[in-house]
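Across the two complexes that follow, subunit A remains constant while its partner is subunit B and subsequently subunit C.
What follows is the complex of A and B.
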């Protein structure tokens, strides 16, 4: 690749999907080495995702000045699936399985770029929630816009399920801290 | 036209950052008191504007003018508040404040692993301050008077 080419790629602020996928894989593999229990690995991935999410939301808002405060969870789900996932993972999951109360929904991921070359290790490794970082990132990002949610994978193609389904449950709306002496 | 000073508050009302470019009269209170007062006032005027509005507001409180300065306000969905005081010849600078957030704050604070987006920005964040000064002094609203 010529030098100008490299520069052009940098300007577009893009890396190839393969590099991204392999980096994430190497990263998960390293954490698997570092911790003894898979449960602990899942927890760490979630925590890392959370720390990414609380920062990523500001980047997201900076890129999308037209996104304002959402009025209900359906709007939030829409922005999350069509703009959030699109911006950072290049996919647009479909939104399904709304709970009757409208406080819980699923995102069906078709073609997850993170799992392109992945096979879960035998034994304990089968319990690994490889994409857990996504859950953490969603939780972190929504917390910054005053929405407390719970986020988990209920189906995972890596574990032999038919689809990869991510469940998001609304817990509560966080309130702004009031200045002292105000009500 | 002139840019006077800038306050950045986080969601909890803590003043993350303050910078002044032109302030001929020193404040009449300690800086800490001033930050508290400013944050409390922004909170009150926001709820005041909302309550009195005859119809649904899109942006809510945007700015106010006095006979010698204009206070411009911008709040992100994440609860960051930007308050920029200018002279009162300045028009609507919402876009400029969004730009300040998206190109300066996000790039040099949020994406900087050595500082947290929710903590006070200390003077060691030289690059942020440098880029901010550059951004402000390149604005068309930042003219001769400021530089004099």
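What follows is the complex of A and C.
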């Protein structure tokens, strides 16, 4: 196969970032319309992310056959930030703020494609966790490799903070892979 | 609180829109789209409503992405005539959105205000198999919504709907009479 052919195949597997950003925006706007309470919206976004993460991990492992089992959380964090985020969102967050016990770390998101044109509405809207989908996706993906984690945003540039910081906390290793519902 | 909201307002608008063009993995987009479909599906009673909902998402995207396209690409010229506008969508805009051109652009044999944009393989349908009991459903209504959003904000009032034809996903664009009247006026000049 010629070089151009390979390149074309790769190109066909990508879409414009703006299309993705605006599509997510349309989706969030619709959910905001459907629910009265912002907490409910955050929950929905988390659920959506979880569903995506559960399926995303298969794609990730299929594309990266060289990624083996991670031996500790530091390794997991490395793969997550340098390969996971890079492949699917095109950004490489930096890993910081390890807890002394080594079971919790932060990802600093630099230039998040999801929030490109976003401004949170006044009032209730300020409580919206716009990026919650990412948390759900991480939780879902790691659950499929038997790691239960808790994931939340502690700082958000949309809310006027200086950085967007995502905190990931390791809870436990799952012994049995439970079948996952469609929900 | 006051200061934080003031700071936020300035950052959103101060940020430059001129950014180098970035791409996102198709998998990410496809999974997000799949969630959109499932979310909508749980909230409608019939296929038509589902397609309308997807088209609404598309319109939201369409009206916003057009301005962005012109700004990013430094193009000042906008099409005011029907045919060049449709060619622009089929070629340039499709390439911007999906990294390739749409396969065909055709006009209805009898009705002058009906046009077709045809794609052999529509990107959003790539990973979707339609259930047998929902034969007529086409998820590309989302794309139809984008086209409608673009055309309507450009002054070409129209309705777009999508159906599956033997030659591929077909977006049927029906222009309003006012658009056709304007075209014939411009032709006469």
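To be clear about the criterion, the second predicted complex is superposed on the first by the 164 of 183 C-alpha atoms of A that agree within 3 Å, B and C clash if a C-alpha of one lies under 4 Å from a C-alpha of the other, contacts with A are read in each partner's own complex, and residues count from 1 in each chain.
Going forward, a contact is a pair of C-beta atoms (placed from the backbone, for glycine too) under 8 Å apart; a residue touches a chain by one contact, two chains touch by 3 or more.
Since the model is a prediction, treat every value here as computed from it, not as a measurement.
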Check your understanding: After lining up the shared chain so the two structures overlap, which partner does A:71 touch, if you call subunit B first and subunit C second: first, second, both or neither?
Key -> neither
Practice item. Applying the touch criterion given at the start, work out whether A:144 contacts subunit B, subunit C, both or neither, answering first, second, both or neither. Key: first
Review point. Looking at the overlay, does A:62 come into contact with subunit B only (first), subunit C only (second), both, or neither?
Key: first
**Study point:** More subunit A residues in contact [subunit B versus subunit C]
**Key:** C
Practice item. Go through the superposed model and pick first if A:173 touches only subunit B, second if only subunit C, both, or neither. Key: neither
Review point. Which subunit A residues lie in the overlap of the subunit B contact set and the subunit C contact set?
Key: 55, 59
Practice item. Under the touch definition given earlier, write down the residues of subunit B that touch subunit A in their complex. Key: 11-13, 36, 39-40, 43-44, 76-80, 98, 101-103, 105-106, 110-111, 117
Exercise for review: Under the touch definition given earlier, write down the residues of subunit A that touch subunit C in their complex.
Suggested key: 11-20, 22-27, 29-31, 34, 44, 48, 51-52, 55-56, 59, 87-90, 113, 117-120, 122, 126, 157-160
Check your understanding: Taking the complex as given, what residues does subunit C use to touch subunit A?
Key -> 4-5, 7-9, 11-12, 21-29, 31-33, 35-36, 38-39, 43, 53, 56-58, 60-61, 64-65, 68, 96-100, 123
Check your understanding: subunit B touches which residues of subunit A in the complex?
Key -> 54-55, 57-59, 61-63, 65, 67-69, 144-146, 176-182
